[in-house]
Each structure stands twice: as structure tokens, then as C-alpha cells.
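Right after this note come the structures.
Each of the next two complexes has chain A plus one more chain, namely chain B in the first and chain C in the second.
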Partner chain A sequence: MGRTVQYHRAALRRHDPGLWLAAGLVGLSLLALAAILSVLAQQALQAFAPTPVAQLRWRGDGGEQQLLAAVVTQDAHALVVRGSEWQRRGAEYRRIARADLRQIDWPADARSLRLRDGREIYLRGDSAAQAPDGSRLAAAEIVEDVASNRLGRTEATGLMLRRAWDFVSGAAQGGGVFPALVGTVVLVLLMSVLVMPLGVLLALWLHEYAGSGRGARILRAAMANLAGVPAVIYGLFGLVLFVNDIGGGLDALLQSATPRWGGGGLLWSALTLALLTLPVVVIATEEGLARVPASLRHGALALGATRAEMLWRVVLPVARPALLTALILAVARAAGEVAPLMLVGAVKYAPALPLDGEFPYLHLSRQFMHLGQSVYDLALAGGDVPRDMAQAHAAALLLLVVVVGLNAAAIVARNRLRERARELAV
Partner chain B sequence: MPVPDPQPPASPLARRFAERAPARERRERHLRLGLRLAAGFLALLALAMPLFLLASARVTPDWAAHVLPLLAGSLKAALYAIVVAVPLGLGAAIWCARFAPPAWRALLKPLFELFEAVPAVVLGLIAALLLAPWLLQHVLSLLVFVALLVPLLIAIGFVWQRFAPPAWQQRCAGHEVALLLLPLLGLAAGAVAVGNALATTAWAALLQPLTPWNGLVVGVMLGLAVMPTVFSLAEDALFAVPAELALGAQALGATRWQALWRLLLPVAAPGVVAALLLGFSRALGETMIVLMASGNTPLTGISPLTGLRSIAANLALEAPQAVPGSAGYGLLLLSALLLFCICLLLNLLAEQVRGRLRRRVAGL
Partner chain C sequence: MSTRDEDIGASVMPPDLLAGRDLALEARALCLEYSERRALDAVNLQVPRRQVTALIGPSGCGKSSLLRCFNRLNDEIAGCRVSGEVRVLGLDAYAPATALPELRRRVGMVFQKPNPFPQSVADNVAFGLRLAGLRSRLEIDDRVEAALRAAGLWDEVRDRLDDSALRLSAGQQQRLVIARALAVEPEVLLMDEPASMLDPISTLRFEELVVALRERYSVLLVTHNMQQAARVADYTAFMQGGRLLEFDATDRIFTNPRLRGTEDYITGRMRETRG
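Right after this comes the complex of A and B.
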């Protein structure tokens, strides 16, 4: 008995169960990642999938009722349906318990009309749409007319693709993400213009001129710590410094009656994000500069170039992919950041785009919409909950695709750079 | 650097060189000045941020009642997150740095880097709208899953190494992750089934969260968000330890796991501690996930089944409406200063500890 126990212990010691534990934790992380992505994609698709239309008969408060409605969700206990929205979008949701349900048919001749303002109307057969009060819908109002229950697979896919495109490109009725997308892009471009020169100059100074003196040491430590400061603190800093102090001061100086610069706006947001991404740019650029082989610098200097010429003509061109990586990383970080923007200018609904055809074309003091902010607002503050939730997931998927795509590009560019540095060093 | 002054100007080329020399020197000076200015700007900025918060922060007599629950909320959220992130991140780092074949490592490192880049608001959305309602029903399933996870993995490893044919073992060495995916999915399905079966018992009632948005949801999602940070730092630390060390231990009869646990992990300990500290710091400052999934109720109890409100989420909620100069504004800035200082302290500490790792590895 004792001997077998000893044998088993020895066997346990000889084998590596811990290795399997570590491998299992990798597997678990991968599964969690996969679950997050698949759930997000599935929810986002629901925003565009056609909903089947049912003819329902159930026992309600005032006796038996019947309705032609789209079935939004259904489970073992109840179903949630959406009747024709004659009055207002999101006002016709009804929850029907399975116990009360008498009959449910899926008529083949059911049609669902989508109107310009995002409302949906359900009909049967070829009858013209007629409201309960007798008024008729103008044909110009209707933007989509689909026989919901008769859609084939290809038709349904085409419909979903069309709706997804409308959602992104701005043609969607009752809210798309186009203004938010424009706001995000303009913001990120402005931020890049602000942060890149400063970040590259800083990296050049740190790497080429400062050496390992005290100033450089302090600056390096400051940079490492700035990179670790929570994003929301940057937002607060932007609110206090840019919006309240500088913006408020500008308003007082210009004697404007309404706060123009003293509220959140595009310029202040871009400046805040530029500060936030400065450490990213500096660190990535410095890494690239470190990979430029010393032989190139020595060669340039030996041929009589000044230091500035060596940097400008030789080092920076060789390190160009590193600058690109720095830019992409900064953009990816900025595009995904929401918390600081909530403090300095992103809003739920902005009446105008920050970029338009009116002079001066780019409106720096305007409030703007942001993709991440839209995700937050659609998720938690919706009036038309099922649709808003689905749209929040679609916006989140779009944001994820943009940010992850940018990061993947940065990773590929960085690997290229490493290979090239290795070749140059030979 | 002074430009060499050619004299006497003999050839046309040399004359041109001499003509252009002042301009070149000027350019060199300007560049140096520009660089200095940029450096000065950054130094100023690093100083200005805490000073601005300090200047506008205000301590009212009842500051403790406002700020301390928020601080407790932040610490609680970060603690739950670390409890999730450290086992996942460290386990993944150990496998990736020491056991994975190069192909797996080349796949996993960028994958987790991409995971780190996923916007927090996306994770917050999933936590708030999908994870929270699910966990409201399935706390017990989660508990069963976590309790059975470690024994299951170790048992699989033991059984495989004892009873699988050596040829299989040879072929599958290094691909343990792929082999384990199915058992993990099976365990998840089993845990859900067990949890559902136990749903009507007293245990389930005891573990029923009071609100859908609670510390548990925050912990799980924030932990997943912080996991890549812990992973990449710990992986770097473990990978930096020279391989000869492990090979020597194995030559003396240690198994790979023993070499790792007794030798490599202690050597890389500073790096692992730094990973933990930076992960904690990142979890403290994370805003969107906590904002969307915590319910934002300032409760101080330690139970993860109740809501919480963190400093960062409170800033995002209240700062846009706060009136500059009011007492509430001062308190907000005070709480921000507190958060800033804690994160700064953690970062400095982590930097120190990492420096120790670097010296230690350089000495080997």
C-alpha cells in the first residue's frame, strides 16, 4: 500500500501536470476571446437581419386580441413583438405570455415597410398602407418594402448587406453611425497632425542628443509614467486646462455671449488625445531609431554631414516604417478611447458635422459624435431598446474592426521593420 | 557638432561648401533648439498634470464621505480583476515563454497584443448587455467551472502522460492547447448543466446577485481586459531568463515544470511582480468597463455580488456636469488626484522592480 502511494507520488513528480495547467489557461483565454468576438458578431448581425412577421391571436386584458406584428425575441415563457409603428418609433412593443397565446401564423403574404424616419409598418397582401385614422402613407415615405416571411437565403443576405451599408454610410433611417464615424475620423486625423511632429522631435532628442544625462533620465521616467496615467485623468486635465481655463479665457477675451470655446469641442478633444498618445509615439519612434544601424550614421558623418543632415537624410528615411508604426499605434489607441472624450467634447447627438462645406470647413469648436461614445449611449440610454441594443453591437463591431485592423497593420509594419533592420545590419 | 571649416577655398566645390557652411550650422542649431523645446514641453506637461489637479482640488470637511467609498470601489474592482487576470495571464505567459514551440509563440504573442487593443467600450458593452444578464442566472455554474478547472487540467495531463501511447505524446508535444480546447468546452457545458440543476437549492439563493450589474461582472470582464497586459510583461520577463538555466536543471533530473517552478519563476519573479503591479494600475484606471457594468452604486462591502462605483467611472459620470469652482468640482479633482498618485506610485514601483530583474538577468 505504502509502496504504491510512493510510486504514484514519484510518477506525479516525473510528469508535468503543471504544464497542462498552463496550456489549459492559454486555451481558456483563447476561448474567452473567441466567445467575445462571436457573441459580438452575432448580436451585430441581428441589427440588420429581417424579422419575421406573425399573425397573432391572444387573450389580452379586454378579451381576445389579434395583431400583425414582427416577432423580436421569443423564449419558453413569452414573446416580444413589435406592431405597426403608426405613431412613433419604438412605441409599439408588446410582451405576450405563451400561456395567453391562442394562435400564431406566419402568413406568406406578409410585408414589412420601412419608412424614412425608421418606423416599420406591417401589412398583408397587396393592400395599401392605411393608418388607423384613415390617412395613407405617401409612396415617397417608404424606403424599403420586404416580403419578410418569403425571403430566400440570398435575398436575406443581400438585404442585410444593404442595411449594414446604409447604417455605416449614413443613409440609414432613424440613426446610423455616419456622423459618429466622420467625427471619429476627423478627430483622429487632427490628433495625428498634432502629435506626430512633437512625438518624433522628442524621440529624436531623447535618442540622438540627450544621451544618458540627467535630463534624459528624468524625461524617460516622465514618459514611462505618463504612459501609465489613466485615460480619464487626461480627460479631466483637458477639461480643466483646455476647456475651462484656456477656452473660458478665450471666450472672455472675444467677449462672446454664448460659450464657444469654453465648452467641449473638437480641438480640445484632439489636444487631449494628442497628450494621451504622445508616450506611445515617442516610445515606438525611439525603438525604430535604435534599430537604425550605427554604420549608416558613421558613414554619413564621415562624409561630412552635420548631425541634423545625418538625421534628416539618413536616419529618418531608414526609420520611416517605425514612424508609420508609431502613427498607427497612436491612431488605434485614440480611436478606441472613449472615457476622456466624454469629458472634453464628444456628445450623444451633435446637430452638425465637424467637417462641412461652409467656411472655415473644419469647425474646431464644435461638439461632435464619436463611435465609442455612440456605443455607450446606444447601449445604456436607448428609448427603443431592442433596436438600440442591436445597433450598439453593430457600432461596437465597426469600432473593433477599425481599431484591431489598425493594430494588426502596426504589428505587420513593425515586423517588416525588424527584418529590414536585420538586413541593413549585415 | 561644428562643421569643419575648409580653408583655403581652392576648388569651386570647396567654395560652395564654404558658402553653405553657415546655413548648415544654422540648421543644426535650429534643430537642436526645436528638440530642446519639445523636451521642455513634455517635462512641463508631466509636471503640470498633477499640479493642475492639485490647484483645483479642494478638501471640504466631509471629503472622506465622498471620496473613500469611490476609492474602495476602485480598489475592489481592480482586486477582482487581478484575481481573474493573474492566473490567466501568468499561466499563458508560462506556457508561451517556456513550453510553446516557436510557431505557437509567434501566433499567440500578436494575438494577445491585438486583444489588448480591443476598445474598452466594446468589452463594457458585452459585459453590460450580455454577460450581466447571463451571470444573473448562472453564478453557480461559474463557481462550478472555476472549482473543477484546475483538477480537470491536472488530471488530463497526468492521465495523458501515464497512459497515452508514446508516439501520440511525441506527436502532440507542444500542441497541448489544441488538445485541451474540447475538454474545456465540455467542462463549460457540464458546469452550466450542474448550475441549472442546482438552481433551485439554497446555494443558488445565497449566491443570487442583488443587481445584474455587480462586482462579479466587472471582475470577469476587467480581468479579461487586463489579462493581456499581465501576459505580455510576464512573458517578456520569463523569456529573458537564459535557457541554459532550465537546461541545466533538467540535466540534473528536474522535469520541465520543476525547472520552471523552482528555478525560472524565482529568477523572473521581479518581472512577474511588475506585471502584477502594472496590471493592477491599469485596472484601477480603466473607466468604460466599470462605468457600464458596475451599476455605479457606491457600496463599500467586500461582496462581489453587489454593485460598486469607482473613481474613474465617477469622473466620467460627474465631471461633464460639474460647475468649475464648486465644492463638487473640487472633490472630483481631489479623487482624480488620489487616483493619479496611486497609479504613479504603482508605476514607479513596477519600474524599480523591473530594473532589478534587468540587473539580475544581465548578471547571469
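Right after this comes the complex of A and C.
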């Protein structure tokens, strides 16, 4: 530690341009990350922040009109408001020019009701909600009743946090993103379980057994090129190979009446992602293997170890941090991919989670939801743009948090290993 | 082979030097080539059992290459070709039927730089035992202790068996890897400049250890240190330019070498005689 600090101090004194360049670039990328996160968070907050309710009077096409409505956005020229959604969600947006506005009040007794299906109703005083056609809302329909204009800062924050939690945990109107969150995490974990053994075995074969033979050269070139193939091509490949050929073949073999494996599913998606990340894992693992000193290899061989025993007992344990680096790179690449998944198993609405309490707990053939797909669907849904866009940002933020969280876990594990290796190297 | 080569081959060793002794290692007309360079040129060497034999000679003369032929560690080097005959305890080491793990279990090796595995002291010594299929904890513990005692390290590490081997000093590490090699009870020990990284006191301890080892093991020791060879070795071989030039009892090599080159090297009047 002390030596590192000394080194850095010395480097600072030397005005080493490389150091400044590196520090600048690191700072720039951290700044970019912070900017992305803050933009996402700011946009996402709008999905959960309580909107103030106004009593409006303005000059419309057919003379003067008035309305109790939530003010969604406002600028110097116009307001966008949302009236009570008696008919359907997103149907009552209105744009009112400031020039037409006669009066705007923020009544203290205004209430906004949120219904089970996501609609919002605004009213004043203690009166029960009554639709224009005279029908009344059943109390069971109402999931939230807030005095919008009387909320203190703590109450507003509490409300926001509760809504955000409902959105993440799936209790929110319209289901929330919980199924997508579960789908994403399960998919990435399953992908890791599939790609690591395969990638490490391939790297071991390439680095320890193949030498510079023809097969190894071809495989290396293939790996280098595969790393540059667009992700959606992997999706097509997975659709043809896994879903149609293998899945269809399995269905034929099992003689199932309905296609079970012959459709998109969790396993096929995980396998597709595993193929996608295989080059990364192989290349990173090979680098790790190359760093294991020859003296340790020779020491093991000289004691009568076979090549396999040497690899298993000495080389792989020493290379463990490199394996975790490979895993980190693979997770980072896989967690953000959406395009290939749409072809091999991710769907907008899945009837059941891929992981539940029913035997066999992990349902490999089920379709699943994915946060990336949720972002895509919400952003392009088109029905209730202000609310959907805000939710798309919230889902995107959550996806980033999941990716960063998974990576952080792997990085912590690697640093522990490195620390242990350093202790060993004292 | 030219007549000159045969002359050298014949004059390498006094005729009756090893008469009546069992041989641990034997090389006949051994040639070794790396991809472009010939490292060993028709080497003949006989290493007697339960004696210490030292290999001396200038850097790059092929001592280490020769050493690594006896446990076939040269197989690890790409582009390395060996011809001639290598016998280990009477068996042809390069015969197709030779099982390398078996061969290497009978021929232990200690490297120039201590190379303990990043594991505990005990696990390091037990490494070869576990490879050999030993499973019983008690037996492993016993043999670890015996090996550490034989290497003169037991008293220093008996309370640190679970510590990392990399925390030991360089001298201790070198004795640890010797213990590691001894644990599998080999019959031959190859040592490749094992004391070159040690301080004088560790070197002294190491030399005492080598002398003690000759009770049970046949030792072939590569060294750059003339005094060391003189102190520990029963026999000494002098190599130069990939050839083994002279082999004799140590006291005779150091007091009355037959070749001018040997004498020059030993007395430090080394000249470039290869070309």
C-alpha cells in the first residue's frame, strides 16, 4: 500500500503525461456513468412523484371550460394536464396554452385516487367518486387515495418510495417489473453457469493442449471473429439451432402434443447468451493461464503430476482471479443484451415466473420477461406516453443497477481472491 | 561421430572409477537440440547410487539441459529433440512405455528458484503424496513430518504448517521444496543450482543437508560454486559447450584434473576454448 502511494506521488512529481491522460480518461468515464445514472434517475422519478392537482379555467374551442386535472408538465407557453381517466388509462391528456388560461388554483382539498388498473381520478372534498354517467367506484377498486396538494416533503418522499417499491416488487398497477427483474437475474446466472465450464475448458484446451496446431489456429481465429459478430445474429442462430432444431427435435422425441421445447424459452436464451459471451471468457481465461509461472507448472510435473493434475491442482487455483475477470466481462456483455433474446424466449408478458416454488423450481422451457425488453416495450408502447416513458426510464435504471450489482459481486469476490493471493505472495 | 569425439568419450572417465558401483542414472551418446541450437553433444555420464555427483561448467554449457533429461522435463519445451540413451535405475527413460508420472516420482527435482505452490506448508509437502493416491490424513501427516525432518525444516515450521508457504524465507522455501520432493520417497534427486539464491548461512545448512541426503538418495547437483562442489560431492563432472569433458572423483578433479580446460575453469582462468 505504502509503496503504491509512493509510486503515485513520484509519478505526480514527474508530471508523467501518461498518468494524467489515464486519470483524465477514468474521470471522464466516471463522469459519463454519473451523468447517465442521474438522467435516468431524474426521468424515473417522474414515474413515481405525486403530481399536483389544479382547478383550471380556460378558453377552449366551445367557449370557456373548466377541469380538475393533474398538471403533468408545464413550461412558459403551455401546460399538459391529465383529467380524470373515467374511460381508460391515458385518454384524458390535454394541452392548454398559457394564453388561453384564465385561472389556475391549487385547491387544498383536492384528492387523487389511483385505481387497480392504473387509472387516476381527481376530485375535491370528501365526496365519493362519481363517474359522469352516475355510477360509483367500488372501494375495492381504489388502491391509493392521496391529498395531492397537501403533501409535505416527507409524505411526498414516502409516497414516491412506496410507489417505486411497488413498481420493482410487482405490486404496482399493471404488474410492475418484478417478473422482468427475476427473468433478467435468472437468465444471467444460468448463462454464467453454462458459459464458464465450457469457456474454461476451451481455454485450457487451446492454451495447454492444442499448441499451435491447425485446429487451435482455426479456433483462435473463430474466437476473435465471433467476438465481433452483432448480437442479433446470435439470436437468429439460437432461433434456428436451439429453438427450431434442438427444441423441435426434443418435442418430437418426447411426443408432446403442444410445443414445449420447440418455442423460445429460458434455456435457449441462456445458451444463446453463453455462445455470445464464449469468446470473451475464452480470451480472458487464456490470458490468465498464460500468467501462471512456468516454475509452478514444472514443480508440479516434477512431482509426478499428469498434465491434467497439474492444471487442476496448481494452474487453475492460481488462475482463479482471471476466471472471475472472465466472468465479470461475460456478465457485463450478457446482461445488457436484448436483441437476441427477443428471438429466443423473452416476451412482453409471461404468464409465470421462470423460478418459483413448484417442482422443478427452475422452469427451463418457460418464456420469461427481461428488463431490457420491458424498457423497449414501455418506451414504444405509445398509449400513455408520459407515464410509460417515465416507467421505461425506471426499468432502465433498474437494469443498470442489476448489471452493476452482479458485476460488483464478482469484483468483490475477485478482489478477495487477489488479496489472498497477495497474502500468499508476501 | 568423428574419431575426435570418440577420443573425448574414451578419456572422459578413468576406466575403473565406478567399478562395482550400482548406477542411478546413465546417459549414453545423449544429444539434445532446441529448435535451432544443439545443447548437448554426445554426452556420456554415469551417476552412481547413493553418492553426490556434481555437474560444473560455464553458463550455457548444457548442465541444466542434461539434468532435465533424467526426468524428461525437457518434454515441456517446444521444439526440443533428444537422441541417444537415458537410463534411470536401469530403465530406458525415453522408451515409449515409460509412464512419465511414475518416472518423475522416482526422480525428484529441486529447481534453481524455490517454487513452492501458493498453498500451506503442509499442503506443499503433501502435494506429491496426494498425487500418488494417498488419502489417509494420519499417514499424510506422518510423512509430511518425516519429509520436513529429513529436509531439516521441521523445527522451524512445526507451528506454521497451515501458514502459506510463500511466507517462509528463501532458504526455508528451498528446504521446503526439497521436503516436497523427498516426501514421495524418490530414489534420485536432481538439483539445478539450488543454492544460487540463498544467503551464506542458508547455503551452509543446505550443503549439510545434501551430505546427509546421500545416505538414502542418489543426488545429481548442478552448481556454479566450485567450493560447494568440492565440499559436498563425491564425484564431479565438468561440462563445456554441450560436451561432458571430464568425470572423476571430486578430490582428484580439484587437485589433479587431467584436462587443461578443467583446470582453467576450476582455478578461474577460464578462457573461451570452444571455437
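Methods note: the second predicted complex is superposed on the first by the 343 of 426 C-alpha atoms of A that agree within 3 Å, B and C clash if a C-alpha of one lies under 4 Å from a C-alpha of the other, contacts with A are read in each partner's own complex, and residues count from 1 in each chain.
Please note the rule applied: a contact is a pair of C-beta atoms (placed from the backbone, for glycine too) under 8 Å apart; a residue touches a chain by one contact, two chains touch by 3 or more.
If you're wondering where the values come from, they're calculated on a predicted model, not measured in any experiment.
Colleague: Have a look at where A:V177 lands relative to chain B and chain C in the superposition and call it first, second, both or neither.
Modeller: neither
Colleague: Check whether A:R313 is in contact with chain B, with chain C, with both or with neither, and answer first, second, both or neither.
Modeller: A:R313 sits against chain C, while chain B stays out of touch.
Colleague: Quick check on the superposed pair: does A:A326 touch chain B, chain C, both, or neither? Answer first, second, both or neither.
Modeller: Neither partner.
Colleague: Touching A:G235, do we find chain B (first), chain C (second), both, or neither?
Modeller: A:G235 sits against chain B, while chain C stays out of touch.
Colleague: Is A:G211 touching the first partner chain B, the second partner chain C, both, or neither of them?
Modeller: In the superposition, A:G211 touches chain C alone.
Colleague: Using the touch criterion from the header, give the chain among chain B and chain C with more contacted residues in chain A.
Modeller: B
Colleague: In the overlay, answer first, second, both or neither for which of chain B and chain C A:G18 touches.
Modeller: first
Colleague: Per the contact definition in the header, classify A:M369: touching chain B only (first), chain C only (second), both, or neither.
Modeller: neither
Colleague: Counting only touches as set out at the top, which of chain B and chain C does A:G304 meet: first, second, both, neither?
Modeller: Both chain B and chain C are touched by A:G304.
Colleague: Where on chain A do the contacts from chain B and from chain C line up?
Modeller: Common interface on chain A, chain B vs chain C: 301, 304, 306, 309.
Colleague: For chain B, which residues count as touching chain A in their complex?
Modeller: Counting only chain B, the residues touching chain A are 1, 3-4, 24-25, 27-28, 31-32, 34-36, 38-39, 41-43, 45-46, 48-49, 52-53, 56, 87-92, 94-96, 99-100, 108, 110-115, 117-126, 128-130, 149-150, 152-158, 160-162, 176-177, 180-181, 184-185, 188, 224, 227, 231, 255-258, 260-261, 278, 281-282, 284-288, 291-292, 312, 315-316, 319-320, 324, 332-333, 336, 339-340, 343-344, 346-348, 351.
Colleague: Across the complex, what residues on chain A touch chain B?
Modeller: The touching residues are 11-33, 36, 39-40, 43, 198, 201-202, 204-206, 209-210, 215, 218-219, 221-226, 228-233, 235-237, 239-241, 244, 248, 264, 275, 278, 301, 304, 306-309, 311-312, 332-333, 335-339, 342-343, 372, 375-376, 379-380, 389, 392-393, 396, 399-400, 403-404, 407-408, 411.
Colleague: Within their complex, state which residues of chain C touch chain A.
Modeller: On the chain C side, the touching residues are 71, 73, 76, 78, 100-102, 104-105, 108-109, 111, 113, 115-119, 127-128, 131-132, 164-167, 177, 180-181, 184.
Colleague: Mind pulling up the chain A residues that touch chain C in the complex?
Modeller: 211, 293-306, 309, 313-314, 317-318, 421, 423-426
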